[in-house]
């Protein structure tokens, strides 16, 4: 199961071990963890609530993982995304990729994050000193995702 | 201390927590773990021995970390590299980078690995089915390191 | 034909509902017809689904454009640009 | 002047030593003079330090080129291209 949406926290070491333990061909594990920051757009953030679209979320994440596997020579990938209420310093998202050599897992890991940021139906609401607000989508995320649309740089 | 050379294994989750725990400005943690493969250049590998140049190793790793910090807007970085005898599936190296946004930590993490691979004085000796042998440096590693020499893509 | 429409995040809050059902008397409808029907409710509906607003559309859990055909029983969802990760 | 020379990995094994000291009677020497002195030992020394072999040089723990000047007490190291990570 390469995709999980959950309220519970995750342990990176443990997930890494599970993802690669049966495969001594793995030489590289790239990973990314997204964390709740206590400041966004100049305001203090005291908590973050993550809403998602059950069903579509899992489906879109699985599609993203399939696309990464078809684009790069990787062994496996895992995405864990938390939902519910999170506090500053809490982990939000984990992306893990295993491959024989590092280039592929680095590229696939960054691709997975960029696509997740623009395609997976999650929405963040912040509790700030000036009240609650829905986080706006960032143009920089669309730009980051777009570079993977151009001709493959393999 | 952003650089460690040690015989003991490391725990990625634990190192991540230590690196970012005092900083609620961290929104992104990129990491890379290198692992011993049971096959290299067509031969079965039963063990790997890592030799290094004490003193110069730590110094070169610290220089690489300083360079990453001067190039990208990152908060912190950690490199742990193991030495001594390792078996297939063992962790060899950990690179961790924290930043506010993901782009910087991804780039710095890949840069650290590429520079480490060509500049830090470590040497691998493999125990294979056909005897012991020193691992040859890969041209692909020199090429990977070279792309950071060109004009910054920031 | 009946189309279920789901709302998420800010749209769910502003519309004060997470779903509703639209019944079309004729068949052969597109997502744009669903939007037209919702805009006819006026007030916040017309405002939030105005063409200059940026929102996303999914049909049966796949993101699509407005010209996609909808069929009886389809699940349409309307939501703001995503902000996970 | 005295220069300590260290060897690592394959060079350490082939030379059957991890270090030696070279004494120069005149001053004003470069890394290339250290290499010339070692090549005069012939056998595996001449072979492994031949110009067509690829090896790396560090002076006082910094990688350098052959034309770098060495001073009394310097630590020179010779080793194969690195293969860590």
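The chains carry the letters A, B, C and D, assigned in the order they are written, with residues numbered from 1 in each.
Definition applied: contacts are C-beta pairs under 8 Å (C-beta built on N, C-alpha and C of every residue); 3 or more make two chains touch, one makes a residue touch a chain.
This one's a predicted model, so the numbers in the text were calculated from it and none came from an experiment.
Steps from subunit B to subunit C, taking the shortest chain of touch contacts, total 2.
With steps allowed only between chains in touch, the distance from subunit A over to subunit C comes to 1. Work out the mean CA point of subunit A and of subunit B, and you get 22 Å between them. Distance between subunit A and subunit D, defined via averaged C-alpha coordinates, is recorded as 48 Å.
If each chain is reduced to the centroid of its CA atoms, subunit B and subunit D end up 27 Å from each other. Here the CA centre of subunit C is 73 Å from the CA centre of subunit D.
Among all residues of subunit B, those that touch two or more other chains are 34, 113.
Looking at which chains touch one another, you get A-B, A-C, B-D.
Contacts from subunit A toward subunit C in the complex involve residues 34, 50-53, 55-56, 59-60, 81, 92-93, 113, 116-125, 134-138, 141.
The touching residues of subunit B, counted against subunit A in their complex, run 11-14, 16, 20-21, 24-39, 88-89, 100-103, 105-106, 109-110, 113, 140, 144.
Residues 6, 8-10, 54, 58, 61-63, 77, 79-85 of subunit C are the ones touching subunit A in the complex.
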